[in-house]
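In what follows, structures are represented as structure tokens.
In the two complexes that follow, chain A is the common piece, with chain B as its partner first and chain C second.
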Partner chain A sequence: MRTGSTVNRRTAALLPLVAFLAALPSMAPAFFINFVMTQTLMLGLAAATIVFLAKYGGMVSLAQFLLFGVAGFMYGNAALEAGSRGLNLGWHPWAAVASALAVTTAAAFALGALASRTTGLYYLMLTLVYAVIGYFVFAQITEISGPSGITSIERPELLAAPVSLYYTALGLSVLAYIGFRALGRTAFGLALQGVRDDPVRMASLGFNVPLHRTLAFALGGFVAGLGGLVNVWWNGQIDPASIGIGPTLILLIIAVIGGVSHFEGAWLGAFVYVLMFTYLRDLPLIDRIGITEARFNTVIGAIVLLIMVLSPQGLAGIADRLRRRLPRPRRPGAERPAKTTGRLTRAELIDE
Partner chain B sequence: MIATRRRLPALCAAAVAVAAAVWVLFLATDTPAGTAVEHPGAFAVTVLDAVTFAGLLFVAASGFTLIFGLMRTVNMAHGSLFLLAAYVAIGVQQAMVGKTRNIDAAEVGIADWLVPMLVGAAAAAVVGTVIQQAFLQWNEGQELRQALITLAITVVLADQMLREFGGLAQRMVWPGAVTHFITIFGQRYATTRLFMLGVAVVIGVLLWLWLDRTRLGMIVRAGVDDRQMVRGLGINIRLVFAVVFFAGAFLAGVGGVLGASFAGAAPGTDGAWLLNALVVVIIGGLGSLKGAAAGSLLYGTVVAFSPVYLPSQYSFYAIILTFGLLALVLAVRPYGLYGRPA
Partner chain C sequence: MAEADTTDAEPDGAAPIVQVRSVRVAFGGLLALRGIDLDVARGERLAILGPNGAGKTTLFNVIAGDIAPTGGTVAIKGVDCTRLPSRRRPRLGVARTYQKARTFEGLSVADNIYLALAGHRRRHRVPWRSAVDRRMRAEAERVAESVRLGDHRGTAAGALAHGQRRQLELGMALATEPEVLMLDEPASGLSRGEREHLVTLLEALPEAVTVLLIEHDMDVAFRIAGRVVVMADGETIAAGTPDQVRGDPRVHEIYLGSEGGT
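For the complex of A and B:
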């Protein structure tokens, strides 16, 4: 259980970081802002929904990237005029945004309701099945995905400048971070954490366990949809291959690199991933040791493997552990019990 | 009242099943196959397609469910082992026949198929055992961590196989002795599919004999029920784990070779077959061989029937029926037909 001071300290630490990020476009090259940072923020936003579901609900979901893609496809279908691919509904961009978010949230609600009686490994497998079936749905039903993706998708005029997309992603990320953390202390958030720890007890106390899981999943879907909208504006196009099993795993990998039990970890993991994806090929001598751009997945897989073997809590967990090592006055009894064995239960992997 | 509400999902499932049967038998006039009453040939072929594909599904999923049943490990690398065995077997077959492309079925003897299959499956089994010994054995019981570790291994293996075997689809060639056509209700049907079903049945019977009639199988079944008790009886369960993982990976490999003969092997096959195995075990229930068989049959039926019995202009929507099957089963039994809460 975190004390109030920790919460305040974290919020206080957030302010300078946000100020720094807001000022970044005037300091850094445009490529870094519009490519690296925008991508980091939108992938972080999507990965944060994995963290949210895992941390509060004990549900490790692989369907978040599908919902990310659903929002993109729906926006593309709704916003484009006749003559292009997809349904060409030709709606006003903001109407398209609203409809995309509505469809994504509704889809998340339905999928979440279907999965709401399972947890743990079953949840992981079921959501992986969602992700792959969702990919096949978009790949086969070309009416809604265009023969090979929906292309030349325009942003709303308000976001025409490239840097405005960065600010959009930044604003949404900050909102999601604060919102998710605040949600953890609301009645719903506390009940959700109770459901995670002991569903039987919560059910006997009168809480509707499946409903809590479903609502959490729908909320996660909504936020993932926001990320998906930024993604489709950023890319200008979306095709079924971009929501296949590969990208789905990448999003989980981002959450795992950062640490599945830390909201910061989502953006941290996304930053590490995008940095590696962008700059790994530029490192001197890197192709001499057999790591070329084409073998990128091997590198990223090996890193995840290493993280999972060494510390399942990811980079944020490692940072946390280092911070705990620093001598700091503590109340007696506030110490965590020392881990005597290397065993780690699911609750520990998920819990903070 | 409460009893009715409890039974409601089951009643719905039954109603859907009846409706589907009525549709296929009498109403499906505007579909590629036509109604079963008017076109029994197309119906018979579809049934055979369903059963033979279910055989392949069973082989692929049985290893997955066997490993989970004993060790509670969700082996996400199952699809990678499937594809690895396929590639290895294709390489061995090409070496044995002495040609790398345009191999004709007539040039392939039974041994030219059987030996590559065993080599490929053994390769998958060895790699699987190495994965288990190096990455899974020491963190037993941490299910989620194990699942994520095997996912990471999947990413690495997929990339390395792309480097090693290239991105083009390759195909294993069935032995010439089984490559014929038979006639059923005036429709030609490939005997290779029946051969595939035969292999699957043989494997299913062997698996049942092993688990039900041998001492080791008895220990495995005891381990599924209570691992600590088996350990307490002085049985080296670590060794049993290794053997079962070997067997599970071997089964994945056999499935991979069958799959490569049936539909070829290419990057992405691993993900597709991980999906197939997952769907089967989610429907059938994790850890249960009976469940794997039932899940394979149900899923195979939906996969075979949905493209030909949907109205012609809606054939693309077949994939949604897979999802519908999943939804139906999970609504009635959240842990699958024969599953129990983990």
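For the complex of A and C:
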């Protein structure tokens, strides 16, 4: 089928990149893999859920980082056996994984149901309130978050080697990317886009609009939870400050600089953010021009603004424009017939 | 409250498929509908005429469940659905179009129709693609052809011309094979050719399909409708066959006279 082949072509184009990323640990320094790339992939995974909800559902959620954190806290509570921090349930690591994902998805379902009757700015504000309340819940109920966070969290044995975390994050990212894109062509995904465009019309076609929004939010929560698990394995600890407003906004910035209308943008944005965060301060002479550690966030802010000025669609928007511009000189006539068959329009629809 | 009898009360042939009783709608201090009574028989083709502000679309919104009436009741197929949310009415066989075409702008023509089908068949929460899905897609393409959008099936609805969006909305309504088809000014903004096609399509509907039509184009309305109801200021002022209504002096005064009558 035509639409299927468009998706498949995009997936095929992904193969060389995935192969490159899979081979990267043998080419790049361990620090780059275990610090920069693993962080990129797990933050990208969480940011992709913002893109998913915004692109398909028209719901801009600020609660995704909270859900990311809920999964981490729940894993820490369930997996640790002893020590003074958290609930110390002492479950098998994989049971802890399952329970963390179940709790995160259930929390997302409940929060999503509450928010499902709002849209636009109100959705944004309500999910920001979720993030704030969530932070206080974990900051003040120390039984589930430890007095200053849950520490010494170990990963399942299977993931003991540092590079295995990178591969886990890579695998989950690839699955999420392909899954989200494919979902857009299913009845569920199309209905979600219908809800985005005209909820009243959707209701008159027999759709339960609030439930549809809720299910999408729960799915987003599940995927954010996967990212949150990788995060807590990677960090080995989690504390309430790490899911506060600051990190919440950073995730939004990642999605925005990447481009909220492109799934690629989530990982691209995360990559740029982690690169800046990691290497900017090491650039030679950077302190001479007044960029000291204390002014670092201001610099990131300026770079974000610059990207927005260059392309309101974010980095993925820039990439998209380049991609469209490049093949044109070679085949000037190619566009017209494609348009009349609707092929180009369809591809654009899927892309944007 | 009154959505009690959901047990499928299949009416005997004579019972009206749509029954509106003393429906009143107030928007703040403004009475948009002042006690409307309307019976529509199964298979009837009814046109609702009236000047702007007469309350025609409000009446449609009440029947389709987009707004709840301030007073009175609405029954469809004998089921009291005064308070039934709009999303439940398609199950009673109701499909509608809107005065200002409401389509999903970011989705293609075929996807718009596909969604109408998915909603109708209650398959909208299926997160994968299946054989049923492929059949529905093929069906959506056939419907697109039937409303002359075959060449545009991959075009985003937001990129369609006005007349084409109306055709698309009609296609979305027809795709669900409704028992009660409610069309709110389907011919407005259509070219002569598109209007002819619309009339042909509506005339070709199975006899059992009930059509409620709001239309300013008298030619279209009188060709399709077997009965005409004229509204003004939230009330019914005349009803009858097209000829009877054409001859009614009140109607002439209020509506036809001022609009030229053709």
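We adopt the following convention: the second predicted complex is superposed on the first by the 314 of 352 C-alpha atoms of A that agree within 3 Å, B and C clash if a C-alpha of one lies under 4 Å from a C-alpha of the other, contacts with A are read in each partner's own complex, and residues count from 1 in each chain.
We adopt the following convention: a residue touches a chain if its C-beta (ideal position, glycine included) is under 8 Å from a C-beta of that chain, and two chains touch if they have at least 3 such contacts.
Computed from a prediction, not measured in an experiment: that's the story for all the values here.
Of the two partner chains, chain C is the only one that A:L215 touches; chain B does not reach it. In the overlay built on the shared chain, the residue A:L190 is in contact with chain C alone; chain B does not reach it. After superposition on the shared chain, chain A has more residues touched by B, the comparison being chain B against chain C. Within the superposed three-chain model, A:S148 lies out of touch with both chain B and chain C [touch as defined at top]. Look at A:T11: by the touch rule set out above, it reaches neither chain B nor chain C. Of the two partner chains placed around the shared chain by superposition, chain B is the only one that A:V129 touches, whereas chain C remains out of contact.
Looking at the shared chain after the overlay, A:V137 reaches chain B, while chain C stays out of its contact range. In the superposed model, A:D198 lies in contact with chain C only, and not with chain B. In the superposed model, A:G206 makes contact with chain C only, not with chain B.
Applying the stated touch rule to the two superposed structures, the overlap between the chain B and chain C interfaces on chain A comprises residues 342-343, 345-346, 349.
By the touch criterion given at the top, residues 1-2, 4, 183, 185-191, 193-194, 196-198, 200-209, 212, 215, 340-343, 345-346, 348-349 of chain A touch chain C in their complex. By the touch criterion given at the top, residues 72, 74, 135, 138-139, 141-145, 147-149, 151-156, 158-160, 163, 268, 271-272, 274-275, 278-279, 281-282, 286, 316-320, 322-323, 326-327, 330-331, 334-335, 342 of chain B touch chain A in their complex. Chain A contributes residues 60, 114-115, 117-118, 120-122, 124-126, 128-129, 132-133, 136-137, 140-142, 244-246, 249, 252-253, 256, 294-298, 300-302, 304-305, 308-309, 312, 342-346, 349-350 to its touches with chain B in the complex.
Those residues of chain C lying in contact with chain A across their complex are 64-66, 85-91, 96, 98, 102-108, 111-112, 114-116, 118-120, 122-129, 133-134, 137, 151-156, 159, 172, 176.
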